[in-house]
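What follows are several structures.
Common to both upcoming complexes is chain A, partnered first by chain B, then by chain C.
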Partner chain A sequence: MRVAVWIAAPVLIGALYALLGALGLVGLDAHGFTTEHVTHVLGAGSTWRGIGWSLATATVATAAATVVSAALAITFRGTRIGDRVARALAAVPLPMPHLVAATLGLLVLAQSGLVARVLYAVGIIHAAAGMPALVLDRFGIGYMATMAWKEVPFLSVVAMSVIATRGPRLEEVARTLGATPGAVLWRVTVPVLWRGLAPAAIAVAIIIAGSFEGAYLLAPSSPLALPLLTYERYRTIDAARRADAYVLVLLGLTLAALAVAILEWVRARWDVD
Partner chain B sequence: MWRGDPSINRYVDDWVAPRLRQRFGITLNAVPGQGAELVNTLVVERDANRRFGTVDLVWINGETFFNLRHEGLLYGPWAGRLPTAAEVDSASPIVSRDFEQIPQGYESPWGTVQFALVYDTARTPHPPETYEALRLWIHAHPGRFTYDQQFTGLTFLKCLMYALNGGVGRFQGGFDSVRYTEARDRTFAWLKEVTPDLWRHGVTYPQDIAQLDRLFANGEVDFAMSNNQNDVVTKMRSGVFPPSSRSYVPRDGTIANTHYVAIPFNAPNPAGAMVVANFLLSPEAQAEKARPEVWGDGTVLKGDTVAHRFAVPEVAPEYSIRLQDDWRARIRR
Partner chain C sequence: MGRRLAIIALAFSAVAPLLLLGLWSVGDQWFFPALLPGRLTLESWRHVISSRLAIEATVSGVVALATAAIACALALPVGRAMARLGGWRRRVAAAVAFLPVAAPPIALGLGLQYAFASLDLTGTIGGVILAHVVPATGFLAIYFAGVFTALDPRIEDEARSLGATPLQVWRHITIPIVKRQIGDALALGFLVSWAQVPLTLVIGGGVVRTLPLAVYDYVRAGETRYAATGALLLTIPPMLALLAARRERVAPL
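Moving on to the complex of A and B:
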C-alpha cells in the first residue's frame, strides 16, 4: 500500500496544484478564489471539440491496433520458425519513442512525404497537392494510422502472452467437447484474448488521447486536440487565460479515471459471469 | 533561452561560452525555455518560496517582459550599470522601447531583428510588394500561402493590422480597446476573404514556424516567414531552404523589434549574469552575432545598427495578447 501511495504521489500532488491553480489560488495572475477559469473552459466550444476529437481518434486508433494485434497473435501463435520470426518482427517498433514514431508518420504520409514522392515518381500524382491530406488533416487519418502502428507492438506482445498462457487449456476443453475450429476461435480464443487485452487497450487509448508529440506533429489546428489545447493555454501570452490549462489538465485526468472505472466495472461483470 | 535554432545554439555554445570561461571563469550552461514557459517556471518557484532559482539569465522580449514585470519576477534595475550600456543605441525607438515599455534597467538589449517574408526566386520571381498585392497573389495561387499559429504568425498578423488600418501611428501611445476592435475587424475581414485560398483552405494552420519552414522547403507552400530578415541566409547555408531562397519586407512595412536578456528575481548568481550580459553587448560579441553565416542578428550598439527598411516598431503588448486570443476564437475556430 505504501509503495502504491509513493507511486501515485506525484500525480496527486500535481492534481492538487492544478486544482488550486484552476481556482485562482496559485500560479500566474492568481487573485484569490474564483470559478471563472472553470466556467470559461467548460463553456468553451473548443474544449468539447478538442475532447471529442481526442477521444474519437484515440478510440479508432486503439480499436485498429487491438484488432491487428489480436489477428497477429492468433495467426502466429505456433512454434514454427516462421511464427517466431513474425512475432519478433511485430515487436520491432516497441522501443521507438512516440516522438520518433510521429516524425516518421510525418515523413512518410505528408503531402511532400515518402508516399507522395513515390506516387509522383510513378506518375500517379503531379503535384504535392495531388496527394490526399493525411497529416494535419481534420479527421486525423495520418495521426490515427501512426498511433495505431506505434501501439500494435505493445498490444501484440500482450495478446501473444495472453494466448500462450490462457488459451491452450480452454481450447482443448472446447475441442474435447466437440467444438468446431470456428467455434473454438469465436467462442473461446477471441473472448479470452479480449478479456486479457482490455486493460492494455484502455491504457493505450489513454496514452494516445494524452499524447502530445503525435498530436503536435500530425493533428490539425481545428479542432485542437486536448493535449495541444492544454499546452496552448499553459503558454499563452494572455496571463489571465493561463490558469485555463489547469482546468483542462483536470478534465484530462477525469477522463482517464473514468476510462479506468469503466474497465473495472466491466471486469467485475466478467468475474460474476 | 529558446534552443530551437542550431545556428543560435552554436553561437552561444561554441563562441560565447568558451570566451566567458577563458576570460571570466564563468561556465555558461544554456538550457531550453522561452516566453511563457519561463514565466510559468518563475511563478512556480515563487509559489514554492524558492529563494534561489534555477536560472541566472533569461532571453526574452516584450510580451514576456510585460508578464514578468507585472508579476514582479525580475531582478533590478541593473542594465544601466553595465560598462557597455553607454554604447547602446538608446536613440533608436526600436532599441529603447520594448513593446512601448521602458525597460527601466530590468532588461538589457541583445539584438534587433525585422520580420520578413521568405520566398524562392525559382518559384516566385516577383513576390507581392504590398499586402493588397499579397491578397491578389493568394487568390491567384490557391493553397500556396499560410502562416503559423505561434509568435511569427502573430507578428505577421500585427504587420497586417498596422498596414490595413492606417499605419502603426494609430496604435501608439498605449492600448486603446475601441481602436483595437475596429482594426481587428478590418484585419479579420481581410483574413476571412483570403482563407478559402490559403493552404488547406485555412482549415488548419502550421503549429509553429518549424512546420511552416518544412512546408516551404518541401514546396508545399511558396512563402515562409521569419522574425529575423537574415534568417534565410543561415537556413540556406545549413541546407534547410533551397539556395534560391530570399527574404524581403513588403513596402507596407513589417515589425522590427529588439530582444533582451533579463535576470530573474531569484537568480542564484546575478553578478555573473551581469558579466555575461555585458559580454553579450560587447562590440566583439555583437559583430560576431551579426554575421549572416553565424546568426544574422542585428546589433544594438550606436552607429552600427542596420537601417531597417520599411520598419515599424512594436506597440503595447495588449494588442498582441488580444489579437492572438481573438484569432484563435474567430479565425481558427
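Moving on to the complex of A and C:
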C-alpha cells in the first residue's frame, strides 16, 4: 500500500503547500499567519455557487451520458453486423481530447455556430440573436451537452463490456425461471449494468467537475465554475486576494478526495473491480 | 427503425466532428448565416508546416513521449505491488492511486507550483513533464494493477524457486509477459499528457508552449481556422492509436 502513497505524494505535497498558502505562510504575497483568506473564501457566495454549479452540471452531464450509454449497450449487444458496427462507431470519438470537444461545442452550439446556421437556413430563426444562448449560458446547457457527448464513448465501451461479461448467465437463469422479456430487462439486465457502470460514471463525474478547458470555453462567467474561480483568483491583480486561490485549491482537492472515497465505497459495496 | 436511427446517429457522431474540423480548418470568409465557407484556403495548414504551430506540436510530442516513458516506468512496479494486495488494503491503495487522476488539474497545478518554483522547475520543459507525470502515473498504476491481477503470480514464483534473481524475474518473465500492455500503457500515458492544458498553463508559466495551449489561445482569440487546424492535429494521433489498438487485437467490442 505504501507504493500507492508515493503515487499520491505530489497531491499531498500540493495540498500541504495550498494549506500553507491559504494561511498566509507561503507564496509571493504571504505576510505571516492569517485565517483571513479562509474566512473570506468560505463566506463568499461565489465559492458555493461555483461548487454547486460544477457539481450540478457534472451530475446532469454524467447522468445523460450514462443513460445513453446504457441504452446503446442494451440495444447493440447482439452479434449481428449492425451490432458490431454500432459498437465500433460508439468508440470512435473515445480518444478525442476535452479541449477539442469543447472547441467543437463552441463551433456548433454558439449563437453564430453551425446549429444556428442550419436553423436560419430552414427559416426557424432570422438572426444570430434569435438562437437561444447555449454557450456561456447561466445553466451551462451547451457545456453539459458537450461533456455528455464527450463521455458517451467511454461509458458505452464500459457498459458494453459489462453486458457482454456479466449479463448472459443471469439472464438465462431468469428466463429459465419463467421471467418475461420485460422482467429480464428491468430486474436483471439494468441492475447488472448499473452495478458495473456506476464506478465508471462516478469517475466521469469527477473528471467533468474538475475539467478546466471545457468550462473555460463553454461555461458562464456567472456563476464561475470552481476550476475557473480558482484560476481567476490566482490571476487576480489584487495581490491581497491572490492567496484566496489556495483555499479554493484545498476545496477542490478535498472534494476530489471525497468523490474518490465514494467511488471506492460503491466498488466495495457491489464488489466491482 | 429505432436501431437504424441510432446507427446513423452514431456514425454522425463518429465522423461529423472530424469532417467539421477539416472544413473549418480550410474555410475562409465564412460568416453567419453561411452554411459553407465563401472560399477555401490551405493557409492555416501551411502555417502548421512553416511556423510556430510546428514547434508547439513538437514540444507537445516530446513532453508526451517523456511523460509516457517516466509514468510507465514508475507505474509498472506500483501496479504490480497493488495487484498483490488483498482485501481492504487493495481498495485503499486503488483510491490513493486514483487521487492524482481525480484531483482537478488546475488545483493540482497551483498546489504544486510553489514546490516546483523552489526547485527552479517552473517555466521549463522538465517541470511540465514532471507535472504531467503526476496524473499519468496514477492512471497507469490503476491500469497495471488490473493487468497484474489477471496474471498468475505463480509464474514469477516458479522462476524465483528455480534461482532467478528479482532482476532476472523482471527481465525474463514479467516484462515479456506484459509487453503488449506496456505498449498500451505508453499510448495511454502519451494521451494524458498530449491534451493537457491546466498543468502546462500553470507550471509552464506561459514559457513552455504546447499544441493544446495554442489551440486554447486560438479559440479564445476567435481564430477559428487555426483553432480547427490545431484541434485536428490534437485529435489525429489519439485516433490513430485507437485504430492501431483495434487492428492489433480482434476484440469482441
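Here are some notes:
Going forward, the second predicted complex is superposed on the first by the 260 of 273 C-alpha atoms of A that agree within 3 Å, B and C clash if a C-alpha of one lies under 4 Å from a C-alpha of the other, contacts with A are read in each partner's own complex, and residues count from 1 in each chain.
Operating definition for what follows: contacts are C-beta pairs under 8 Å (C-beta built on N, C-alpha and C of every residue); 3 or more make two chains touch, one makes a residue touch a chain.
In this text the structure is predicted, and so the values were computed from the model without any measurement.
When both complexes are overlaid on chain A, chain B and chain C end up clashing with each other.
Once the two complexes are overlaid on the shared chain, A:A128 sits against chain B and chain C alike. In the superposition on chain A, contact of A:G27 is made with both chain B and chain C.
In the superposition on chain A, A:R169 makes contact with neither chain B nor chain C. When the two complexes are overlaid on their common chain A, residue A:L94 makes contact with chain C while staying clear of chain B. Judged by the touch definition given at the top, the superposed model places A:S112 against both chain B and chain C. Set against each other, chain B and chain C differ in how many residues of chain A they touch, and the higher count belongs to C. After overlaying the two complexes on the shared chain, residue contacts for A:L72 are found with chain C alone; chain B is out of touch. Looking at the shared chain after the overlay, A:R138 reaches chain B, while chain C stays out of its contact range. Contacts of A:Y234 after superposition: both chain B and chain C are touched. Of 44-52, 62-70 or 314-322, the segment of chain B running into chain C after the two structures are fitted on chain A is 44-52. In the superposition on chain A, the residues of chain A contacting both chain B and chain C are 26-27, 112, 128, 216-217, 234.
Residue ranges of chain B in contact with chain A, taken from their complex: 35-37, 39-40, 43-44, 47, 63-64, 67, 70-71, 143, 149, 200, 203-207, 211, 215, 218-220, 317, 320-321, 324-325, 328-329, 332-333. Here chain A touches chain B in the complex through residues 26-29, 46, 110-112, 128-129, 133, 136-138, 216-217, 220-222, 224, 228, 232, 234-239, 241-242, going by the rule given at the top.
On the side of chain A, the complex with chain C involves touching residues 1, 3-8, 10-11, 13-15, 17-18, 21, 26-27, 72, 75-76, 82, 85-100, 102-104, 106-108, 112, 114, 116-118, 120-121, 128, 149, 152, 157, 160-161, 164, 203, 206-207, 209-213, 216-217, 226-227, 230-231, 234, 245-246, 248-249, 252-253, 256-257, 259-261, 263-264, 267-268, 273. The touching residues of chain C, when paired with chain A in their complex, are 2-3, 6-7, 10-11, 13-15, 17, 20-21, 24, 31-35, 74-75, 77-78, 81-82, 85, 88-89, 91-108, 110-115, 134, 137-138, 141, 146, 149, 191, 194-195, 197-198, 202, 212, 215-216, 219-220, 224, 227-228, 231, 234-235, 238-239, 241-242, 246, 252-253.
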